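Same chain, two partners: chain A is paired with chain B first, then with chain C.
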Partner chain A sequence: MFLIKKSDVGKIAEELARDHQVYGPMIEKGSGQTFFDRADDVSEISLSAPIPSNPPKSVVFPQMERVLAYEYDRPKNSVKIEPDYKVEPKALVGLRPCDLAGMLCLDRFFMGQEFVDEVYLAHRKKMFIVTNTCVAPFKQCFCVCTDSGPAASEGYDLNLTDLGDEFLVETGSEKGAVFAAGLGLAAADDSHLARKKKIVDKSISLFEDIAVDSKAWISRVMNRVTTGFVKEEVWEYIGDQCFECGACSFVCPSCSCFNIADVTNPECEGCADRLRSWDSCSYEGYSRMAGGHNPRKPVEDRRNKRFFCKLSYSQMKKYLRPGCVGCGRCAWVCPGDIGLPNVVTYVRREITR
Partner chain B sequence: MNQKPGVCTFCGTGCGHFIGVENNRIARVYPSQNHPVSKGRLCVRGWNIHELLDTPDRIKKPLIRSDGPFVEASCDEAVGRLIDSLKKYPPESIGFLASPRSSNEEQYLLMKLARSVFGTNNICLDSESGHRASLNVLHAGTGMAGMLGSIEEIRGAEFILVVGIDITRQNPIIGSEIHMAARAGAMVVTMDSRRTQIARLSKKFLQVRPGANKLAVLALAKTIYEENLHDPSFLEAHTEGFEGFRRAFGKLSENELYEKTGLKADEIKTVARHLARAKSAMVFFSSGISGLDEDTIGYIYNLFLLAGKIGKEGCGVNPIAGLNNLQGGYDMGLAPDLLTGFQPLADAATAKKFEKEWGTALPSSPGKPIYRSLADQASELKALVVVDHDEGIVRYADAIKKLDFVAYIGAFKNPFAEYAHVVLPIATYVQEDATFTNAERRIQLSTKKIEPEDGLLPGWKLYSMIAAKAGRAWKYAKVSEVMDEIARLTPAYAGVTHAKLAGGFGLQWPVDDKNPGGTRRFDLAKAGRKLAFYGVSDVFEAPSADDRFPFLLMVGKAQHFWHQNNLMKKTHIPMREYNATLMDYPEGYVEICPQSAKEIGVRDRWPVRVVSPHGEMRVSARVSDDVSPNTAYAPYFVQEMISRFLLGHTEVLRQGEDATIPVRIEKV
Partner chain C sequence: MSQVLNIQDGKIVTVPEVATIEEIRDEIREVKTFYLSIDNREIWSGFKYKSGQFIMLTVFGSGEFAVSLPPSPENDRFHITVRTVGKVTSALHALKPGDKVGIRGPFGNGFPFEEFKGKNLVYVAGGIGLIPLRSSIVHALQHKKDFGRVLVLHGARTPDDLMYKENLKEWQSFEGFETYITVDVSTPGWTGETGFVHTLFDKANLPIDNTVAFVCGPPVMFNTVIGELMKRGLSDENIYSTLERHMKCGVGKCQHCAVGRTLVCTDGPVYTYRQIKTLGEEI
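For the complex of A and B:
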């Protein structure tokens, strides 16, 4: 544990920028919208910026990515396949705890099962993560219901907590410890840790007054969603309001579904780029099989699937935590007003009855 | 940071987004949270616009052909061929088919090119006249040729009527605003023959018999009038021409109205009372590829005027443009009889203003809409210039093949280019600064995000080059100077400059000295005139079924436009989604209810024959609760249906969204 002065905290990003591509939360000047994006100038990164509008998962799992290029030589009957993704070391500075929890879900999906996703692994393995404790929630937050905040508990290299005049720097990995030691910082002690605890407790108590947009009593509905005892009418009520835009999946820090398209190049015969892009279970074509059968044709069945992913115990066993990380972005972007917190309310309403 | 603000250019909603760029290529898109229209939302199309903007399916080189296949040419050579070919014909034989997707600046310059360089008024947009019908009604009634209300005020409306538009599919973010209003307590009523998503989300669904929207609107107006729910002092002080409208009320008895619309007395009366008593009310209807017919729009407008729901906060008669710059297209004078800002070409003072600015005489011979010329065997049209045609199905393909000369100008590969003799590429809208005007008259600047590929010119530069080579030098150093010229000539755009639009979320016209920050909605207090009831007909030819042809077949167009959209085919995910229906029903489908299916003896996806007095087609049955017994619905995106079955029904098709054909459906 170390301490770093507020005026010096930018040095972490500067130091990381020596051998990493640095990403962090930045405010777009014209609109005031926060983005988690690549910083061309690390001084743009703001640790006090609101939660980024976009999920940081785009760093490891971009919205659209060329994963390989191939060239088929017909006369020679040979094919050349080249991986085509970027693998430079990346540092994420100022990641919010909920977004880190989302990335841990992605890790378990892409790397924690039988097959390891090479592209994801390449993005992820040379990564340095600096999280930022939320000393106060934002309007749409409900991480306290999903066990993913307001402070990160695992998965970071460094964790920063704003103690007022200085930041507490906790190390969460060997790599983090080596890096922090190299910064020549003052050591912190248990009194600082106690201050952090106080700040986190205060942050939790602030949810009642600040985080008023969304409440999601996840534990209450998890049993119902897992066992499938949610009435069909409830899913129909939710499905009727789904605009099938895909936004909930795109903004979700833990949604991992993707589409693959081979795009042929009209200027080079036999050449194609393989694109991987975000996909969504809200789309009818997503679950449609060759031959036309669709196990989840009605929209309510597709919604049901999404919330099974986020709220069921079976899925939790894969992620080792709930699939929902409580960031509240799906409620922001949903044209049908059926972000996860509202869905939890509708399921709970049925239980209460 | 690598996030560049812009405007989505699929539909007429005009949502705000951010585009991410990697290596001069469009890599991603994200919604703009603080945008007043979209408030952080996008639809399936908007969320995947980066797939379109990154497509390799672009036109990148000028192409010319004489008799054989296309050969690549220099831009100089292709433009030279274009000019030489057009100059061979008298102006009456030349036509320009403009695009409702092009930016205001490109549309304006194409209009200027047609009129001031090639001397023809044969110019129109490449969609049918649905939106024109709306603008005619609203302009005649109020003087404002655009949406009277505002998307931002939807959530404040107490009553919302949605007529014949599948709005959550066609303009999803406007549909979302209506849904949010309903959730906040607004009385949302949908009037349609088919149960759409917005019908399911409405508090009340008036499932009218096909072809009877006008009658249902009449029934609402009649109730308001006969129950004295209107405000006579408002009619007296602010309106004129009510007598003409009132005459229609006596044409049909109440019972006839209920019978022809298929609605019940209490349904009509409840909705009419809600409308009349609400403090604020809005109506939305389709105005896209093919909207409602002008008479039905006239009835809708008159209903809202009678109810006193025009010109106040949360009120408005709101035609919904299906394409991103359809409103801008009319604002830029892309019609044979219009100059910019709905100023009539026939008006001598206006014509003089343009002649002075352009330094040339305007052509005096009246122009003709291109589609009418193509449908007319005796047309004089010989040469046609087409810009960024949208539909995958090229209608009038035979008529186009017969033309002597066709030029295609566009950014993306397009089946239309097959008919061309000269193809000229232009840059896409992210490769130049451009303004677009959405359905609520919001003029938004979308800034340049990437450099055009080598040698590609943005539209405004290409049109300037054509003009220069044809002997008329236009002196625009930058695209913003085109907008300056538009502002000089167009009262509603008088205060618009690119500098003023930069960094913001756009301004709603009129933007002028009196309204420097734009005009959110039509304001009765500032109108300075009486609002006129629109002159509507009192002829009601609701189609009826009989024993031989017991089904009323609705032909849906606008909501399925995206299925065969040329741009959609250049994406991956939206193409998959829009094609899902086509994959399930590759020959197209006719939608019938379970009861009808049982009677005919078919199940979902079984083949059926649809027989009308004019022809027949074989399609699959799609069994759905969304239609009522004895009505059927066929979407307008199946090649065979458009090219064969509907050919005999041109009169019917002119009715737009209300098009209805009595048919018989047989098991094959």
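For the complex of A and C:
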């Protein structure tokens, strides 16, 4: 544990920028919105900025990414085929705890299941993560309900907590410890940890009543969703409000469904880049097979699928935690007002009725 | 990239292996069989699969699709049988012997054959539903002594739509193998049975005790056949099928084939009807 002066905290990103491409939350001029993006100028990274509009998942799982390329030379009847993706060391500075929880979901899903996704692994291996404790919740935050905030507990290399006049720097990995030691910082002691605890407790107390109130309900709703006791009418009610825009999936830190397409080169008949891109289970074409048969046609079938992914025990076994990390972005972007908190409310309404 | 990761547990995971189309045979209208072999001899000799598994086939310049494996895992020539249903399958049909394709896999669970020893096996296939069952049928034929009665019941729309006609003939002459065929609509010259495939059950004196049934075909046929089998007393855990879903990765990541709490690519494609009932989705 170390301490770093507020005026010096930018040095962490500067130091990481020596051998990493640095990403972090930055406030966009004009719109005033925060986005998590690549920082060409690391001084633009803001540790006091609100939760970014987009999760950091594109850093490790790009929205569109070439995974391989092939060339089929027909006259010679030979095929050249090789993996082709760009990986560089990346440092994520100022990650919010919910977003880290989302990334840990992706880690366990892409690297911890039957097959290891080598593209994801390649990105992830070269990553340095600096998290930032949320000293106060933002609008729509409910990480207290999903055990993913307001402070990170695992998975970071460094964790920063704003103690007022200085930041507490905790190390969470060998890599983080080596890096922190290299910064020549003052040591922190238990009193600082106690101050952190106080700050986190205060942060928890500041959550909206609805979030605090929902805390116990999330697990009851998970039980209902897992056991399939949610009535069809409830899914229909939810499905009726879905615009099938896919925004919830795109802003979700743990959503990872993707599509794969071979994009051909018009100048070379047998050449293509195999691209994978984010997809959403809300789209009608998501489960449609060649020939037109679609086993999951009604929109409520597809909505049900997403919330099953976020709130069921069977999915929890893959993520080792709930699929929802309580960032509240889906509620933020959903034009139909069926972000996850509302879905919990609807299911809860059914239970209490 | 590490080649170690491309082959995981004997399966080609990310980068397809180049394979050559050795021979193409016409089966029925819109359906052809492609005999293939992987060019890299070392990988080809290590390419082992189970009945009921599938591969991802790349048609270069077009795309990739999931396709079941009809050959038996032993002593059978490697092939796939494909109907033209969309863009990539049509591109495959346009290829000629000698052309190259890409193979990933094999993926999926396959049939749990060790559980079937000593049992009667009933295969009920509607139309091209015989394709994913062929591997298992030939395997049963190769190991006939391990099983009780083995029945293949195949129904198609017309006599021209009967799959694997040559195989059906072979199987008919194999001792201890019972093959029953029917068509929905007869054509001039057809002397066999007419009617849906479940109408063959009485004629076949369908065994129920100590029996496992494999059902594959279009959704309507599937539901009718299952209903009839259950009515006769076969339990849902002894009815097997292989599900078909839109698939992209084949290795449990893209989630396109999610059905209920399972993924067809890694948990399936072989399911018992007892499992299928709990998935909460259409066939």
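By our rule, the second predicted complex is superposed on the first by the 339 of 353 C-alpha atoms of A that agree within 3 Å, B and C clash if a C-alpha of one lies under 4 Å from a C-alpha of the other, contacts with A are read in each partner's own complex, and residues count from 1 in each chain.
Just so it is clear, a residue touches a chain if its C-beta (ideal position, glycine included) is under 8 Å from a C-beta of that chain, and two chains touch if they have at least 3 such contacts.
Since the structure is predicted, the reported quantities are computational estimates derived from the model, not experimental observations.
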Taking the superposition on A as described, I'd like to know which of chain B and chain C A:Tyr70 touches: first, second, both or neither. second
*Which of the two partners, first being chain B and second being chain C, lies in contact with A:Tyr283: first, second, both, or neither?*
first
For A:Asn223, select first, second, both or neither according to whether it touches chain B, chain C, the two together, or no partner. neither
Regarding the shared-chain residue A:Ala261, is it in contact with chain B (first), chain C (second), both, or neither?
both
Thinking of the overlay built on chain A, is A:Gly270 touched by chain B (first), by chain C (second), by both, or by neither? second
Does the superposition put A:Ser43 against chain B (first), chain C (second), both, or neither? neither
- Is A:Val116 in contact with chain B, with chain C, with both, or with neither (first, second, both, neither)? second
| message | Which partner chains sit in contact with A:Pro83 here, chain B, chain C, both or neither? Use first/second/both/neither. | response | second
Contacts of chain A common to chain B and chain C in the A-superposed view 259, 261, 264, 279, 288
Interface with chain B, chain A side, in the complex: residues 26, 28, 30-33, 35, 37-40, 44, 53-54, 58, 62-64, 240-241, 243-247, 250, 259, 261, 263-267, 275, 277, 279, 283-285, 288, 292, 332-337
Chain A partner, complex, touching residues on chain B are 1-3, 5, 18, 20, 27-35, 40-44, 46-48, 50-51, 54-57, 168, 172-173, 175-176, 179-180, 183, 197, 200-201, 503, 572-573, 576-577, 579-580, 583-584
Note: in the complex, chain C contacts chain A through residues 1-2, 5-6, 8-9, 11, 13-16, 18, 58, 60-65, 85-89, 98-100, 102, 219, 244-246, 248-249, 251-256, 258-259, 261, 266, 280-283
Per the touch rule, the chain A residues reaching chain C in their complex are 67-68, 70, 72, 77-79, 81-83, 109-110, 113-119, 121-122, 228, 256-262, 264, 269-272, 274, 276, 279, 281, 286-291, 293, 295-297, 301, 305, 308-309, 312, 314-315
